[in-house]
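Shared between the two complexes below is subunit A, which pairs with subunit B and subunit C, respectively.
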Partner chain A sequence: MTGLLPGFADPVVDAQSTFRAVLEAMARPGRVQRLPAPPAPPAPLSPAAGAVLLALADGETPLWLDAGADASEWARFHAGCPVAADAGGAEFVLAVGTPPALSALEAGTDEDPHRSATLILQVAALEEGTGWRLTGPGIEHEHRLHVTGAPDGFLAQWAANRALSPRGVDVILCAGDRVAALPRGTSIKEG
Partner chain B sequence: MADNSQRQHWMSILAKSNAAAIEARLADAPALPSHTRLRGPETGLVMVRGRAGGDGAPFNLGEMTVTRCAVRLADGTVGHAYLAGRDARAAELAAALDAALQDPARRPALMASVIEPLAAAQSEAREREARRAAATRVRFLAMETTR
Partner chain C sequence: MSGYNFAYLDEGTKRMIRRALLKAVAVPGFQVPFGSREMPLPYGWGTGGIQVTAAVIGPDDTLKVIDQGADDTTNAVSIRRFFARVAPGLRTTESTAEATVIQTRHRIPETPLREGQVMVYQVPQPEPLFRLEPRRAETRRLHALADYGLMQVKLYEDIARHGRVASSYDHPVMVGDRYLMSPSPIPSFDNPKMHMSPALQLFGAGRERRLYAVPPYTAVRSLDFEDHPFVPLRANGRCTLCGSGESYLDEVVTDDRGGRMFVCSDTDYCGTRQARMKEAAE
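What follows is the complex of A and B.
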């Protein structure tokens, strides 16, 4: 344990600007957004993953994370969110290593598709312009996104997740201070 | 690490003090270690709940203003403070003192120069109030006997 670290420098403004960046990322799948003022969370969390967590999670959203005791203590202190014992019962799932299978996460119901989990997935790097070909709502022709360090078999899991529509898991990719989102309606083809 | 009842004692004394009183006591105390702010000081509302007769169904009595602060010392010790009102400076000082008081090496000096004088002042103020109230007390028994 290294002890608690501070969260956002200016909790209200920084959380709002992070929320705005996540909204923008969700509206334009595959476009990479830079976060203006991310916090310095405990290792191994990246600044972007920490910022998204603090901006989105609160006392009513159980969180599951695989980033160790320091990160879990930090999230509990600053976001006030309960920590779930298993990923299936969590509304936010934060993975820095291999994430749980998308099919193991809460996908919502046909009446309440918004009750699904959101996976905050920390990857090594995000780059626009090469890699995966993304199409779907929010994309005029095609967006390209190169993800370094995506888990093995992610595209197959994603295709199965997309087939659940309107249910399904949304993914927010984080690397350094950059975020990109994959809402459940996005179709991904290998580039 | 101090046991919980000791920590409750100093946190309660600090929660009832204002910034000027704490600063006055700190002037002749050993310097506090430097700290970084983890959260706040920030002011918010807390719902106070009550129970009729102590065992009835809980109900919302009303909201009160609370200022809280959490700080961290260089060695990783975390200090917390929750104070009624909006005194942000007092909340930060109380959190820094809570962190410093958890260190057994610093505790005796700080207890003697800050917490105990504050506790004495508070209990004296309480007694003064009680005496003023007692002076206006109506003794129904006495009235009966004079009749």
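What follows is the complex of A and C.
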């Protein structure tokens, strides 16, 4: 390790503004939110993925990530979260490359659907107005979201995940300093 | 109150509540357990709502707090003052239109809500089946199976006995056609406002340690029967102060000889209308 990079500049205020953006994203699936004050985490983590991690993860939430030793060290130092060896046992799964299959992650139970994993998925770019057609709770008619760099076969995996509803994995998409979310109840059609 | 973290709660508690809120939004109407903390006011005074508000607000927010529609009752005033003291930078308001976060006890404002606003409801009993099935383990199972026959039977018995559904407040709703949910003790008059609301609605029950959510633009259907449709109740009259024939009314006893009058329960709505009438008269 060659010098640890800092986390949030103002941990209290920055965690709050990040959470509000993620809450807004989760409540309005497909709407892209810009984070006002993300940190500069070690490569290959994007500022948005780093911010979401610091705002939500802590000692109570096992994390699985594929972003290398520097990112792992940074997350463990700033968020204090245990790093899980197996994605199936993690509460937060952060993927910068090809993520584990959605079906391999914790989906919760019928009585406890909230005990499911959240996948923080880093992609190349997020853009509103074109691409996928999203419908479901939080969407008045239809939201459109263009995701550059979504993993191969994601929509088929998503359809299977959505069929589990109210169980299922929730996804937070991160690109640069922007986030969008796909809660489990959102249906996605190719644009 | 120097020496306290922003918005009173420590960061670990806020993160725990925030994670629970995100799951609550992802599963509309489902009650998510959370580690409710001791707050500087007793259970029953809005500890759940306060903890949700504390986890959500930031220095850029404008907070409105209402109690039965009023901005100037004890509960509303003390909660508003509490946040003004523990959240430096936060602005407070009595205007529904100006607020970004509205904490409420038992009412939804008359002024239509808009996108970007967050409603926080104080909830005494989050479990809609509580009076029918007191065992928590059993109600969890009923929710898992979406088996809400008990509630339909209760409504049926109301109709058989009284000729109509007897709940004038806390009338159960189905959220997103999946979960039966308590709308908190709002009058049934307010139930239709929850359906496809542009605002995000969050619910916190401190004593019962549960929180739940209704995302914007989500179907919220009041439970009823095809031949006995749900009818929101409203006192038949006009507000004595502002003359509104549409708002929800409180009946106020004015003397000991049977004198009474109806006034709007929403003080901001009523005050705004009175000010406008005064302007128009001048």
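The rule is short, and it goes like this: the second predicted complex is superposed on the first by the 191 of 191 C-alpha atoms of A that agree within 3 Å, B and C clash if a C-alpha of one lies under 4 Å from a C-alpha of the other, contacts with A are read in each partner's own complex, and residues count from 1 in each chain.
One rule holds for everything that comes next: contacts are C-beta pairs under 8 Å (C-beta built on N, C-alpha and C of every residue); 3 or more make two chains touch, one makes a residue touch a chain.
Being a predicted model, the structure only gives us computed values, none of them experimental.
Clash-free side-by-side placement of subunit B and subunit C is the outcome of superposition onto subunit A. Looking at the shared chain after the overlay, A:E140 reaches subunit C, while subunit B stays out of its contact range. Rounded to the nearest 10, the angle made at the CA centre of subunit A by the CA centres of subunit B and subunit C in the overlaid structures is 90 degrees. Looking at the superposed arrangement, the partner reaching more residues of subunit A, out of subunit B and subunit C, is C. Look at A:D110: by the touch rule set out above, it reaches subunit C but stays clear of subunit B. Of the two partner chains placed around the shared chain by superposition, subunit C is the only one that A:L23 touches, whereas subunit B remains out of contact.
Between subunit B and subunit C in the chain A overlay, the least Cα distance found is 9 Å. Looking at subunit A, you'll find residues 11 touch subunit B in one structure and subunit C in the other. Listed in rising order, the residues of subunit B touching subunit A in the complex are 36-39, 42, 70, 72, 76-78. Contact residues of subunit A toward subunit B in the complex are 1-7, 11, 77-78. Those residues of subunit C that touch subunit A in the shared complex are 5-6, 11-12, 14-16, 18-28, 30, 32, 55-60, 140-141, 143-145, 176, 178-179, 196, 198, 200, 213, 215-219.
Chain contact summary for the complex, subunit A toward subunit C: residues 11-13, 15-17, 19-20, 22-24, 26-28, 55-58, 60-61, 109-111, 113-114, 116, 118, 137-140, 166, 170, 183-185.
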